[in-house]
Structure formats: C-alpha cells, structure tokens
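Okay, so subunit A shows up in both of these, paired with subunit B first and subunit C after.
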Partner chain A sequence: MSNHVLRDIHNDARTPVREGESNVNRVLRLFVCLSLLPAVLVGLSACGSSTSGGTITVLMGTAPDSLDPGIGATTQSMEATWIAYTGLVTYAHSNGEAGTKLIPGAAESLPTVSSDGKTYTFKLRPGLVYSDGTLVRASDFAHAIERTIKLNWGNKGMLTEHIVGGEAFDKGKASSISGIKTDDATGTIKITLTVPYGPFLNVLAFPAAALLPSSTPMSAQPNNPPAGIGPYEITNVISNRSFELKRNPNWPAHSIPGIPSGHADIDVRIVSNNQSEAEQVLSGSADVFDYNDTIPPTLISKVESQASERYAKEPTVSGEFFFLNVKSKPFSSPLVRQAVNWALDRRALDRLDSGMLQPACFFLPTGMPGHPTAPCPYGDPGAAPNLAKAKELVKQSGLAGTTVSVWGQARSPHKEFVDYYTGVLNAIGLKATEKIVASEQYYATIGNLSTNAQTGWASFSQDFPNPSDFYQLLDAHSILPKENHNLSQVEDPHIQSEIASLSPVPSSQLDSVVGRWQSLDEYTAKQAYLAEFGYDEAPKFVSQRIDFGALVFHPVYGDDWSTLALK
Partner chain B sequence: MMGRFIVRRLLSLLAVLFAITVLTFLIFQAIPGGDPAVRMAGRTATPQEVNDVRQQWGFDQPIYVQYAKTMQKIFDGSVVSYRQQINVEEEIARDLPATVSLAVGAAIIWLLFGVLAGIASAMHAGRPLDRALGLLALTGLSTPVFLLGAVMLYYLGYKLKLLPLEGYVGLTSDPWGWFTHMLMPWIALSVVSIGVYSRVLRSNLLDTMGEDYVRTARAKGLSERRVLIRHVLRNSLAPIIALWGLDFAWVIGGGAILVESVFNLGGVGEYAAQSIQSLDVPPVMVITMLVACAVVITSAIVDVVNAALDPRVRLQ
Partner chain C sequence: MRALAHNKVALAAGASFAVIVVLCLLAPVYAKDIAHTGPTDNHITDTVKVDGQTVDVVSPTGVPIGPTWKGRFLLGADSNGRDVAVRLLYGGRNSLEIGAIATLITMALAVALGTLAGYARGLTDGLLSRFFDLVWAYPAVLLGVALGVALAVGGLDLGIVTLHSGSLLLPALIIGVVFFPYVAKPLRAHALSLREREFIDAARIATPPGPLAPVKIVLTEVLPNLLSSIVVFVPLMFASSILLEAGLSYLGAGVQAPNPSWGTMIADGIRMIPGAVHLVLAPGLALVLCVLSVNVFAEGVRDALDPRAAIRPLR
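Showing the complex of A and B:
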C-alpha cells in the first residue's frame, strides 16, 4: 500500500461520523426526518427489535498493540481479533460463566484427548474458507502456530513450553514443530504435548492460534492483517488511529454453530481522552464506550442518570487483593492473617475505586469456573467489618506492635487502596508504614525476593478462564528469586497436591472437577493466605442507537462486537 | 551583508545539526550503558530478536559504525517500531499534518493576540485596561491546558454542540471541518502563550519607550503612532520573534502532547506519548531528533528575520 493511499484513508477515517454538527445541520436533519416520517411509520412494525446492517462506531482509549493475530496480546487487540480469527476451538458467545465454555470453532467437534492427556486430535470442518476465499487446510494450522512463535507473540511460551518440538523450533534448531502433525486429505490435526496441560484448549482458543492461509508471510502484517476464519474481517487499519471490521462475505456459506454472523459493520476509532470518549457515547456521536476505559468520575453520575437504560457495570474475571507474606512476621501467624480479613471494609475499597469493585473474599472471581458458592469465612464482604474481633486476634497472636511495610503502586486508585489498608493495619494493633513505588517498577520490585515484601496491593486478570491460571499465583513453583509470582510465598502441601491433580485436566472436562476447585478455593480463603477484597467491574455503555440487551459482555473478551446491533 | 549573514548562519546550522545527531545517538545508544540491542528490542524480545537488532544496527561494531548505521536508518526511513513492527517515519509523516495544523494556527493566534494585548497594556500602563489585561494574562498562564481543554470540550462540544468533540480532519478533504476541529485545540494551546507574550512585550515596549532614540523621534515631531510602529515596536519585537520561533518549533516537534491527547488530534506528540508509554525506543529516538532539528532550523529562520528587522544583528 503506498503512502499516498495511506494518507487518503487516514483522512477519511479521521472524519468523525456525526461530529461537529451545527444547529443549522440539526434543523436540516429535522426537515429530512419529517419528510421521511411516512417511511418511518411503515417501519414501526420492526420497532423494539434489532436490525441488521449499518455501521456502528466503537471507541477505544488505547490502541491495540497489533491487529496481526500473531502479535496482538492485549485485551484491545483480542477484542477485535477474536471475531475475525477463529481457532480450532473458541468460546461460546454468552454473558457470564456461560461464555467461558469452549465450543468447536474451525474443528468440527471438541478434540479427542488421549488417556495420558498428551495428545489432542482434531478434525477440521469440511469446506471452510478464509475471508479471502482460500480453502482452509489442516496444514495451515502448523503454519499459523509456527508464525505466531516466529513473530514472538507475548504468550508464545504457552505454545513452545508445551508442544513437543516447540522450543526447538523457537530456537531455530528445527524447521518445523515435530509435535504438530496434519493431514490435508482427511483434515486431521494431531498435537502432542510434552506433559499433560489442562488449559491447552484455552491456549488454542486465543486468536494467535487461529488458522491462517499457508501463504501468509512469516513477517508481521499490522496494517494489512491476514485473512482469517470468522464473521468479520479487519480492514483499513490506520495504526494507532482507527480500523474497520467488515462482515466477512465468505462467512454465511459456512457459519459455525454458536458464532453469531454479526449485524453491522464496525468502525473503531482510538480516542485517547476518556472524557471525550464518554461524552461522545452519551451524546450519540459514537456508539460504544470501550470497557477497558474508565468513565471519568465527573461524568459517571450523568451517565447513571441520563443513560441508565444503556449503562451497566459488568463483572470482569479479575481480582484485587493484599498479599500476606507467610514467611515473614506478622503474617506468618494465621491469626494475624485472619485479623486482616476480618478488618477490611471492602465497601470502603469499592468507594475508592469509584464504585467499580464488587466486594469479595474468594481468590477465584465470579465468572471463573470454580468460584465458591459458600459464605465468606471472615464476614460478609458487603457488610461492615469486625474490627473488635480483628484486634482481639492480633492480641492473641502476640504480634501486636510488629512493624509492617505496606507496598503499593503510585497509580490511583491503587495508592488509595494502600493508604486505607495501612490505616486498617494500624487500627488492629500493627505498626504499618507505606512504601510506594512507581507503577512501572512495582511488580519488579515486590517480585524480587530480596525485597522481602511483607504485604501490599496486587491484582490479577485471567489469561484464560481456567482456575489453574489464577492458582499459579499460589503455586510453590512460582516462588522465584526475581520474577516471583507467588507474592504471599505460600507453600501449602494441600494446595500443591490439588494443583498437581487438577491442572492437567483438559479444559473440555473442566466441569468434572469444578467442585474440587471450589473446595480448594474455600480452603485458601480459610487459610487467609491473602486478603482478597474485590473483583473489578467494567462499564458496558452504548449509545441510544444500540440494542443494549442484545450486546453480550463476554467474560474473556469484553464487549462482544459480533452481537452489536442497531435498534 | 545580508547574503553573507545567511551563508554564515547556514554553515553554523549544518554544524549544529551534526552535533544534534551525535548527541541524540549518544543519549539513546551509547551513554545509558548495558546492551543497546536489548534496550532497542524491548522487554519481551527473545535472544534471537536481540541478536537481529544487534546486527541491523551494528551494535557489535565500533561506535562510529554504530553512529553511521543509526543515521543511515533514520535518513533512509527504515526505522521500525519494535513493539508494533510499523515503519516509524511513515507514522510521523502521517501524523505531521495534524501537528503542523495545530502549530501554525495556534502560533498565529498567540502571536496576534499576544502582541495586541502587549501593545494595549503598554499604551495604557498603570491604567484599568492594563490591569485587566494583566489579570487576564495571569489567568491564562495559570490555567492548565488539560483543564481548559476539558471545560471547552464539555461546554462547546458536548452541551452546546457548537464544535466537534475530538479528532482531526484533513485541510484538503474538508476545509471547514478542519477549521472547526482545530478551533478548540488552537485556543487551548494559545492561552498560556498569549499571557506570556503580552507580558514580555509590554515590558519590552515600556523599556524601549524610555530610550533616547524614541525621545528624539518624538522631538522630531513624528506622530505617536509612527513612533510606536517604526521605532518602539520594531525594536521590541526581536525577543518576541525569537521566542515565537522556539515555541513554534517545540509544537511542530510534538511538544503539545497534552493538547493533542485531550483533543485526540493524532499528531506527532500523541505518537510520542504512546511510544514513551510502551517504552518503544525507535520512535522516541526519531521524534527526539525531529524536535531538535525543528528547533534548530526554526531558530535559524528566526535569526534571519531578526537580521532583516534589526541590521545590528548582522554585525554580531
């Protein structure tokens, strides 16, 4: 694509759809509307249902890192690519926990898994074609995986560390991945793993593992993303500014059950100012506010009062907690850890987060299979805390007056969380002071064992909807000298044996062990290895033109654009 | 005389530009210590990728070769962002129209209104108009750009719908759209500078008005207007023009990051901000060089203009 063409597209793409309307324009528009009244009256029969067609403008506060599925690893990227690049398996397009269910994508069914849990065998749906009309072949899968590894996808370790021959290929010691065998004639794809890895199907559901034509170059194509299998295709990419998702003309021929075909074309614009983003959706000059962004506190009450029918707080599968280093006094004492859990007023922490936090106590968030249904062991998180009991427990532990350094991040509201938490620790009889670190250096600092961080704020968002993803944070194997993920430094034999037993269970069979994950998470909460205080919520906010009820808020990918429809 | 001055200035411009390229190279590649290939390739790079970067940029060779390779990549337009794998110079070329539109419009506004307010203040020094203009200038100076931008967006864009909420429209594709999209950014960027320019010019004018040659001009019987324009203003404008040149170059080089971000103009400043956030070294290095070159070249042009206004400059 020449520069000249790029510039022309850029100018067009930057022209807002309905911005800058003068009053004269509004009068003209009113006149046109009145003249069209008869037609509107005829169309009233369709009132109340969503319609197909048209273009919907979606705003994003942060540009995707890349729209090439082999590179894109941010939520902004995958929000777009998951409806343009369908893997062998994908997720059900549903709200809540139902959306974590894996369904067959390009494969005609979920795979057969060998009894040792190491071999996954898929069969391609017959007659599939890419958005450019090319026939899909089984060997395309091997090409796509090799390309993703070569392009250094951010999570490529999930592939190279588990597929036989993945590391050798990555290091240039092999020209292909020996653990992937394909047969174009039968459409069979056989993947062999080094060890059983339960979440492997979740990894295959990433757009980065989706099939691509074998002719796709082994180099990054950020401005001209390759053809894929999906209801949409990504076009007219102006990096860091805008892109479009057009309905894939080749999709209706082989629509996959469970994957919506899409109702409208989607224009995505990057808007770096959240206030402007919210005002545009509120006023109707754009249609969708990105769930990754924050509605400014100055506008939130306006949004809640003026747009209550098109705004909701949706739970995300991510948690906020204070880690409690069990190898360091005073948190080596279970009584002190319990005291912290009794003393936290999670409602106050919710207020500090502008009401975008669902008070909670369990490590596995709502929406994650395995989230417990039992009551919280140390008081209702939605009610007042029990400070008297907390003080009593600290007294009983004999550790009252112990000095505690509370680590926190300079960014708001994380700093405010730590301010509040430090006050609570002092109130229950400890001697706490804050240590605030610049956001960029925070995890590197507290993750270094030589720092010996006693307690502090941390948060975690799922990579994929499998509880083992969260439990790597409490796995003794994650205690590392420099990039320590197990900040509480938990080495609990029961947790270890359960992780060892549950993690290899394939995601397609997760239902069979959900009860055990629930029990494990209840056990973790009782041990008070950390003080979970809430699950993040995200705004689902659209313009009046959009059918709000039809829009799915997906637990993995947020606003499901393939369900966006005009009223 | 003027021709020799221009040649002299051009030669020193080339020398300064060379020095800038060396300094930029040293700041980004040589001084920070550690392996520049690791820094350049980003935090998630594999050893293989780091090795590729090392070879591409010549980091395994003597420092003068590294400098030459870096300059070659910058000047032949082949620098690629390691985070997004996008050509950096194409991105800058694409974003430059928005930044130039912002810089030109705002510079005209702040110069025009700054000079008018400065003259009015000086002419009415100590009187209510001077005090009112002084208060306005102070208000402008102390108003943060992001606050002013947010207030304008809310009232002019969202409530009254008089102006578009954000974005940039190309001048050639829609001149009226371009104007309406740029009006708020121009005002937001100009307000602070109008305050500065009016105060500086007022002070210069009052100083100049006390000079002997101004008294002589008045004694010759020249009209007050002629004295002001020919003798006072002409001699007081030199520092204003020098300041204007530097400010203009600063905006061209992406200095108006806040304004570009608040109004989502998609200019060079916004690109710089995105690159800094993601610690993407190649674009930050190229933009730094662009800013430095813009400042040096504009300052040379300003010197030539000053020399034309004031013959004494040519002799210095």
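Showing the complex of A and C:
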C-alpha cells in the first residue's frame, strides 16, 4: 500500500492531498516549507530579480546643456528629462526597434489625424497631476510650446516651421500660436500644421514639447527645473557638478501605462575624466557609466575581462562621416568623391574609436528605417580598402595635386580620424593639410559658408527614428549662411523630390515607404556626397550592484534610467 | 673661451645638445633606411613581428604597440600607428627649427629696438619702452596661445607676407614677438649706460656730423660692447623658445597636425598614459634633455663671459 502511494505521488504531482497522510505530517511539512521560504526568496533575488528603493549613482562625462526641458537639447539633457517630462506622446521604454514605437503619454490615446494630415487632435488623460501636485490642464500644452519657442530651444524650428502661427509667435508678431487650440473643460488639444509633416508626433515626444504648469515662468530654470509629468522629478541641481532624480511622489496614483515607475532614486555626478569615470564604475564606487562617454582604450580590455557580465556594446542610430563639399574642387568631381570612399579603411577608423564603431558606408545607419540592405558600392566596409582604384579615379578626374584643407575637432578621437583621413587624401594624390579647431567652435566654424570648408569630420545622431531627420543634412533647404547643416552643400533634384514626397509620411506608416528610403540612400552612396565610415556603438556599463539585464538601452535616449534597479 | 673650455659640465651639456641636433637632422635617413616609414604615415591596421610573433601595431580596442627596440617602431607607435621614434626625430627638427628662427626674430627685434631706445633716449625711448611694457604685461604663454589660436586656422596674410596655417614660421614668429621685450629691456638699459661712457663721447666728437652719425656710433661702438650680453641671451632664449613652442603645440596653438612636434606628441599621448606611457615619455624626455642641455651650456657661456664669475667660490 505504501509503495503504491509513493509511486502515485511520483507519477502524479498534481495530487493535492495524499492518501493516509497524518495531520502531524502536514503540520511538519508546512513548518519546513515556511522555514525554507526566506532562503528561497534570497536565492531568487540572487538569480537576478531586482529590488526597489535605494540610490543609484550615475556618472556623466559632460554636463547636460540644461535641465530645463524648454532648453535642453543634448543627449545628456534628454537622458534625464525624458523620464521627468512626458509629452502628449512618448516612446515605449524598450530596447531596440520596439523602443521607437510611439505610445500615448499625457494623451489618452494616439491622436486622430485629419484626412489632409494637417490637424492632430488629442484628448488628455483625466486627473493627471504634475510632480508638484498641480492638476494638468489642456491649456498647459500651449504654454509649454510657447515657452520652448521663447527660450530658443535648439530644435525649435521643428515646431515653428510646421505649426500654423509658430513663426509669427516666434518673431513676436503674435501673442499666441494660432495653430494650437485647447479646451480645459474637455481636455482637448487641437494642433494644426501648415503642411503635412510625417515626424510630427516624434517632435511632440521630445521633452521640450512636454506639458508644464501654466505658472512656469517664461524664463530658463536650469537650476530649479519646473514640475513635470513623469516617474521622476529633477532636484538639487548644482550646475556642472551634480543633480538628482527623485521618484515623483505623485506618480504612483497617476501613472501612465507603458512608463515604468522607477525603482531607485538617481544621483548624477559630472566627472569630466572618462578614465576616472570608468574606474569608479569598475570598482563599484559608482553605478553607471554614461553611454555618451568613451571608455579609454587602455581600459576597455580590463572592463571586458573583469566586468563582462555588466558591460556591452550597444548600437546607436548615429553615424560618423567626412563631408565632401561638392561646390569646391576637388570634391566637385564625383570621381574624387568616389575615390575617397574607395580609399577609406573603415577598420582603421574603428580602431581609432577604440573598437566602438561599426564600419559602414551608407548614410542611414542600421536601426533607422530605410537603411539599405544592398551591399556597399565601395566594397565590404569591414575589409581592406582599394587604394589603387582610388588613385586611378583621382588621376582620371584630372584633379590630382589639388590642395585640400581638412577640418577637424581637437577632441579625441575626432582629431585622430582627421589625422588618418589627411594621410589617405595625400595617399590618393591630393595635397591635404589639416585645420583643427577647438571642439566648442567647430560646428560654428565649418557651418559658416564663408569658411568654405572643403572636407572634414562630422557626425550625426538621430533626433527621432525617422530617416527624414538624417536627410535634412542633404536637403538643399538646409544650406544656410550660418549654422549650415548641409556641409557637403548638396543640391540634388532627385534627393529634393524624394524628401518632398517622403517627409509627409507619418512615422507610424514608415513601413510603407521603407523601400523608397532604401533606394534613396543607395543613390546617395553611389553619388558619394559624403564618405560615411561607421555607426557609433555606445557602452552599456554598470556596477555589480545594478541589475544589468533589467536596464533598457533605449534607441533614442540611451540608458533608460527609469529601468535602473539594484539587484 | 678658455673659461668655457674648463667647464666640463657645460661642455658635456653642449655635446649632448649637439648630439640631439645631429640625430634630428638625420631624421629622414632614419625614417627611410631604418624605420621604413614617414612621420605622418598611418599603420593602424598593420602588424609587426616582435620576438617572432605577429602583433597588431594598434590593437582592435585602439591601444598602440609599445617599444619594440628594433628598427620598426623602436619606441612604439601612437594611436594612428605612426612610428614614435620617427615622429620624435622629425618633431625635434621642427622644435629646433622653430626655436632657432624664433630666437633669431627675438634677438633681431630686441637688439634693434633695445639699442635704439637706449641710445636715442627722450621721446623715442619713451614710446619704445611703453611698447615693450605693453607686450611684457601679457604673460608670454597666454599671449602666445591667443596669437597662435587666432592664426592657426586662417594663417597670416599681411599682403607682402603670407604664412599658411600649417607653416612652421607662424609659431616661430609668434614666439619671437612674444619674447623680444624680455631681451630688449635689459639691452636698452645696457645701451643707456653705455651712451654715457667717455669712449662714446669720444666717438661722437670723432665722427663727422650727419644724419647717419648716430647709426655709425651704434654699430661701431655700442653694439660691440653689447655683444657679450647678446651671446648670453641667445642660448637662453633658444631654450625658452623650444619650451614655449612645446607648450603652444600642446595647446593646439603651435605646430599644426599632422606635423609632429614634441608638444603635439605629448598632447596626443596624454589620454593613453595608463596603457601607452611611451607616448608622453619619449617626447617629454627629449624635451627635458634638450632644454636642460641648452640651459646648462648657456650658464657656462654666461659664466665664461661674466668677469664676476671668476670670484665665485664654486668653479
């Protein structure tokens, strides 16, 4: 009998009550189970589950330009502000492509868009409050947008150029933006655009377009950032030294689906020395190495060997390239531009970037819809270059021996890129010399048309996951006397017509035009309007205290601090 | 000169400096026949045989190879895979060339203006002395950086003289101008005291009057008596010019990349110190050795030309 029961127990684990089991045995078993429970819980926590609470120290090499969402335009700024200032829409807090998906933020749902693609209608979530407890009202949106424009946010053109009345407000010709209508009673916000603009929802997802209380002053508040909607609030700002992100006490009751509530408070410190920054995270005296910073080459092997379980290289949607001014000899010749593309050893440039570059030759990076699947027209970017062909092309162009000034930034590794590139140009038959400019003045110098920069280094990171963002760098409308973005000064009718046709396509419908973006990017590569050499990778590197697996590396904002948790 | 010949330390320093100069002059020979590479040639993806093993010149994570103590990459490579020994010699050539030209400019300006101010006195002296004070008032490095940064991108175009941003003459000119008051002021004081001496009075009486008479007196009577001071200043200013050139190049206001100089080499190597200390050690030591040897030799020359040196107890 007992043998039968035993066999039954083994054969049918679902048997809830065993035959012939005494009450004493049951009590004993319960006691054993309860006494083992703490051990099991400890074991589970050691297996990777994270805990809530505590403070996590993040180190940043470069201070944010501002922690006021109406001004902050750098990646360092938005890393902090996107979890403290939620717009009508925001991005899903996910890794990879899933993170590019727009989800409703302060709005109840994604907007209804009129058939002509020019009017967006949102409805606010009812009962939302800011981190200071103030009730969120629809009219706050208009105030926030007007404030962002008045504070001269770096990308304000994305708002003023597209919203009806935006430019008039910016120029002081109107006291409000006529294209924004709000109704506090119903929570309705209606935005009218001048022409359909595909990435408009992406623009609204910027922290700069997030709602702020109407009482927020129309002046910059970098040391005392205004209240916002989000799981965190920014406090204790000491300019260029430190700031804190405390969990918003009003968030739990008003949280928004899809936005994590945050596990721990975050203490951010500015450490300008990357060596010290990496060593502190390696040793555990700090917790997070900012993804915008570079682990010094001499430390990478140490980090890879000693912290392999908490270090990874994450792809970012950004590219490094040499611009080639098509209005200036010798790059006015397609043959010379193609020669440069054939001659670049992208593996060498990867090494100069401490192995944090994915060698490539297409303008649109991997991860950006429209990145071509065709092979690179200049051979495998991960293989040796074809110098002989490059020299032959320069010879054919009849421009061998032309003098070239190569512009570069004093900062490492950008200066090393230019050192290498200058050598390549000399090797293919041109006469190249360098012009190195301090980092702070670099883009202002080369972006001034009077400088007439022939060629040089540049890089670009996505503002939002839409290829039109990248193609503004090749848009003829971007050629400006000062702050010129189209450094190669490309005015190509085919590119212009494609931009005009593809830009109005909403980001949510990009799938339908991916093929056309791919074709356009292949065309751009063949024309060699620039010499793309790689896509940046960023370090995801944390201390042993942090749950590495739980930390999301967001495709737009990098390390998602709202997913940071202690083990 | 007999006193200098007895100063063994000064002679050793002079010999050491001569060796540095010869080595730097032989840079093209070393580059072509021993290292088989130029100072700006990149070898980032190349490999080199070290003790029978093939090693990356620059590792996949960007760390350059250290000294091989062989012909190729004798003192290792930099981040761009360039031979440090070759760049060290070419950098030395650039530093010495700039130092020499800058010293020439400094001395030419200082001798001309200092003597003129001291001999002419009056309004000329007043104007020139205030001009010396004006340049003197700015710290040499700050003034050098300001001029260097301003001219580094666009070069210098004075109509008849055009210097491109990459020209070595540009830092030489900047250093020469920055330093000249440091020599002109003492020379002016010396000339001022000389013009009151009896032999100058005698020369004035003996020289036929005319517009060129003062020039003749300065050339035949004043300058020969300033010569010992000038000779002492030359090596001192040379050493100072090399140091300032290194400082300016370190800050990006001197020799322009990819042209090497000891200053730019140190600047390029700073970020690699933890894993590739040779990048700053090699140019740093070369700079110290060069400046030290010139300074010690200059001390010896000064002692030899200074009559008071004879009464010094330690000789």
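In this section, the second predicted complex is superposed on the first by the 434 of 567 C-alpha atoms of A that agree within 3 Å, B and C clash if a C-alpha of one lies under 4 Å from a C-alpha of the other, contacts with A are read in each partner's own complex, and residues count from 1 in each chain.
As a convention for this text, contacts are C-beta pairs under 8 Å (C-beta built on N, C-alpha and C of every residue); 3 or more make two chains touch, one makes a residue touch a chain.
On a predicted model such as this, the values are computed, not experimentally measured, just so you know.
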Counting residues of subunit A touched by each of subunit B and subunit C, the higher count belongs to B
Which partner does A:Val418 contact after superposing on A: first (subunit B), second (subunit C), both, neither? second
After superposition on the shared chain, which partner residues are touched by A:Lys171: those of subunit B (first), subunit C (second), both, or neither? first
Could you look at A:Lys389 and tell me whether it touches subunit B, subunit C, both or neither (first, second, both, neither)? neither
Name the contact category of A:Ala63: first (subunit B only), second (subunit C only), both, or neither. first
Touching A:Asn223, do we find subunit B (first), subunit C (second), both, or neither? first
Quick check for you: in the superposed arrangement, does A:Lys567 touch first (subunit B), second (subunit C), both or neither? neither
Which partner chains sit in contact with A:Asn240 here, subunit B, subunit C, both or neither? Use first/second/both/neither. first
With both complexes superposed on chain A, which partner does A:Gln275 reach: first (subunit B), second (subunit C), both or neither? both
Do any residues of subunit A touch both subunit B and subunit C, and if so, which are they? 275
For the complex, which residues does subunit B have touching subunit A? 44-46, 48-49, 83-86, 90-91, 93-94, 150, 153-154, 157-158, 161-170, 172-174, 177, 180-181, 261-264, 266, 270-271, 273-274, 278
Of subunit A, residues touching subunit B in the complex: 3, 6-7, 10-12, 14-16, 19-23, 26, 63, 65-66, 68, 71, 152, 154, 170-172, 219-220, 222-223, 238-241, 269-273, 275-276, 279-280, 282-283, 285
Write out the stretch or stretches of subunit A touching subunit C in their complex. 275, 296-301, 345, 347-348, 350-355, 384, 408, 410, 412-413, 415-416, 418-420, 422-423, 426, 433-438, 445
Can you list the subunit C residues touching subunit A in their complex? 40-42, 44-45, 58-63, 79-81, 149, 152-153, 164-166, 252, 256-258, 268, 271-276
